[in-house]
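In the two complexes below, chain A is the common chain; its partner is chain B in one and chain C in the other.
And then the complex of A and B:
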């Protein structure tokens, strides 16, 4: 285990050290202490390493992650895991707004709650939240899965494309063109797999699936009132 | 029956309800939908045509055209980036997406820009290997939609341009209609084929100048502080937008006036939102000067730049470089009269064709149709663009030498006069024959 004291070496040196790890590095386990809510911690990682941040993080922690696993032992600031391509991010506490925004792949697990616009414009990322999520989550979501073990706020999945949303609790309201969908066997399988990967013990049959009604895919003036 | 003995009045067209206006009303009534088109503002606007250079005289002496050098190079992004962009000429190619343009057209832009010693820019939809391969210097646009956005491409870029706004549609997102969504475009954007693709009007993971500063920090960390970061804004509130971009840490600001083109948006947006390019440059330069950043943070002006005269005027007013989009497409062959019969068949005429979103471009440039695309030769297109860029540069040099300047950057507002009151007020340049412009401090007007 390599330990980096962020308060001593600073953000640039820390990220430089993590970025210099190659695909075949033997130094796979890293620990960052004294993060103190700093921004852009461990962003742009591109190697199969595991980084554990001992504390809460600011904006864009693990942004654009590729291959790495990033554990946040605290709460995470806005835009955590934005545009994640692959790998895994696990947040022990709560996540602020824009979690996993535009993420193209990989998995983000939140053990607490996630704020508004969780999974906004998601493009393939899987996000599993043990608690609740805020309003306008998965706005314009293109693909991937958003799993919510608690409740979802207003306007879930507004103007979404092919992303899937699984919510166990209540949904305050659905966004434009988002509708309740049938939960078929393949969806149970996807959901069970994501819950297993996240380490959450929940029964997939208790969830409801939501997704696009696909009525806004091509512009029609008669739908103008939906916007 | 009309009495032939009573004189008739000539039919009088309304200046309010013109034939153009009436056709808009009829089209709206028939379709129930607003008009969508490509390009920039077509209305008559105060422009660089309303300014003139005075040239040399007894008080200023000129440089010899064929013997004395007039430099044209520019360095962009030296403030924070380890590897600033060094350009031979101060005319760059603006961001235009693969999707809006065909792959061969993007390739031609890269070829032409590289041969002329300048940069080209990606667009919504990501970076294609052809574009990267044919562009010596490629600026990677970081857009609200993040279509095709990935960190591998980000690291391959020579600069990153965070797009906040576009002159044709300040405050508006984009759209790529279903007919242009080929398999490849759909794959790059991670969306089903054939559906309308909406590009968001604001970034999904930041709002406001404080967030922008953190976003710039993140992008610098991911790219190791190596490449410059530009911020592109529309000509909405240039003084404040440029101030905020600089304070957020931008290495360069791209400022786009309302004559700047778009792939597709509402005509009402293009014609009625934004400010003319002539009106936005002085407030932007003032913002740079007030912060002590003029010539340290570069200003790249775009929106209706067509000739070396426009380049020289933009630079005299304080820009470090300009950017061209629509003009580059015309150089490639867009709206060429040789396709007049086909333009007529589409209900338009060469020079007026702007339905780029429909994907039926006879010139094979703004299309994803394989047959139309095949008409366009990227090698010949690249050669034409290179020629055009060279001519613009020579024209700008001709003017600069006539003003006694040995570098385009040495052109200054004092070299100019204005032909109209409007241009004088907007550019803060004296009306020709006077030493006055509206709003000049101390003149009480």
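And then the complex of A and C:
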């Protein structure tokens, strides 16, 4: 385990150290202490390493992540996991606005609540939230899954494409062109898989699925495989 | 990263922290410097003296403007006026009920003196420059008080001037800081001026402050005034509002301007970012949350110590 004291070496040095880890690194476990809400912690990682941040983080933590696992032992600021490509981000506390925005792949797990615009313009990322999510979440969501064990705020899935939303609690309001969908066996399976991966003990049958009514864009079933 | 302004606020529940209010608030504000380096300001609610009230005034040329000001006011107001000069600002300690008279006398003297704040416990200090320099100039770190608000500005809607700096004060012991921008401030300014509300500048936030003052002059509580601001103000905003007894927080319904709050048995703190709060005592175990959009929060020294009431 390598421990980095952010207050001693500074953000650039720390990120440089993490970026220099190649695919075959033996230094797979990293711990960051004294994050003090700093911005851009562990951004742009591109190696199968595990980074644990001991405390709360500022803007864009673990943004653009590829292959790495980033654990945040605290709450996460705006734009955490923005444009995540692969790998995993686990937030012990709450997440601020636009969590996982434009994410292409990977998994983001939030053990607390996520704020507004969670998963905005998601393009393949999976996001699993144990608590509630705020308003305008998954706006223009194109692909991927957003799982909410609690409640969703106003305008869920506004102008969405083919992203799937599973909500166990209430939805304050649905956004334009977002509708309630039938929960079929394949959806139960997807949801169970995501809950297992996130480590949340919830019954998939208690969730409701939401998705696009496909009236705002030119959906062609022949292109379904593209999402 | 689009930031535009940083706000901090600190409301003390634990009296033993009061001597350190200025120091804590200054540290919080300096952390937010990169959100807005144009100007900075701090409002401190300190102690009040029965039968007295205060005005904080400012001059770009304090060496000429302030000497003899206390004497001139003493004769005009018919009671003792004590003046403490701090750099470009002066705190005038005047007899209660003479604020309007003092303001008229200051205008009559025509020395280019501008009123920053008025009230029995409120003092506002603000200038162009970085938070650390502004705080040092006014010795904010040495100030004690019950609660305070700070602001560091990235100017968008009006010029970088002292008068465009936050906090804004338009009523006794009331002040407002703002992160965001209001789009209907011109029409609102015109209607408020018709209602007789004094508005100094072309700044959008001052209109927000004037709006709240007008609402409260017409009988609204701070909570009610903040709630109606959600209908009448167009734009995006996080407001932190100070009154003699406490402070309130409200975010517009879209809530894209950031806000983080922390509460312990000792204090309630507000920051545009969590970074501003990290050095507060006991922050590791504080309750930390983001205020909900379109929801009014208010803490008062008159209410039960730990109540986070939704005043609306």
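Methods note: the second predicted complex is superposed on the first by the 217 of 227 C-alpha atoms of A that agree within 3 Å, B and C clash if a C-alpha of one lies under 4 Å from a C-alpha of the other, contacts with A are read in each partner's own complex, and residues count from 1 in each chain.
What we mean here is this: contacts are C-beta pairs under 8 Å (C-beta built on N, C-alpha and C of every residue); 3 or more make two chains touch, one makes a residue touch a chain.
Being a predicted model, the structure only gives us computed values, none of them experimental.
With the two structures laid over each other on chain A, which partner does A:69 touch: chain B (first), chain C (second), both, or neither?
In the superposition, A:69 touches no partner, neither chain B nor chain C.
Between chain B and chain C, whom does A:11 touch in the aligned arrangement: first, second, both, or neither?
first
By residue count, is chain A touched more by chain B or by chain C?
Tallying touched residues of chain A, the top partner is B.
Which partner chains sit in contact with A:59 here, chain B, chain C, both or neither? Use first/second/both/neither.
A:59 contacts both chain B and chain C.
Touch check for A:78: first (chain B), second (chain C), both, or neither?
Touch partners of A:78: chain B and chain C.
Touching A:159, do we find chain B (first), chain C (second), both, or neither?
Only chain B is touched by A:159; chain C is not.
Does the superposition put A:140 against chain B (first), chain C (second), both, or neither?
A:140 sits against chain B, while chain C stays out of touch.
Does chain B (first) or chain C (second) touch A:21, or do both, or does neither?
Neither partner.
State which residues of chain A lie in both footprints, the one left by chain B and the one left by chain C.
Chain A residues touching both partners: 39, 58-59, 78.
If you look only at chain B, which of its residues touch chain A in the complex?
Touching chain A: residues 31-33, 145-146, 149-152, 154, 175, 177-178, 190-192, 194-196, 198, 200, 204-206, 211, 214-215, 217-218, 221-225 of chain B.
Can you tell me which positions in chain C touch chain A when the two form their complex?
Touching chain A: residues 1, 254-256, 258, 260, 273-275, 277-278, 288-290, 293 of chain C.
In the complex, go through chain A and note every residue touching chain C.
The touching residues are 36-39, 56, 58-59, 75, 77-78, 93-94, 96-97, 115-116, 134-136.
Give the list of chain A residues in touch with chain B in this complex.
Against chain B, the touching part of chain A is residues 11-12, 15-16, 19, 39-40, 43-44, 46, 58-60, 63-64, 66, 78-79, 82-83, 85, 98, 101-102, 104, 117, 120-121, 123-124, 139-140, 142-143, 159, 161-162, 217-219, 221.
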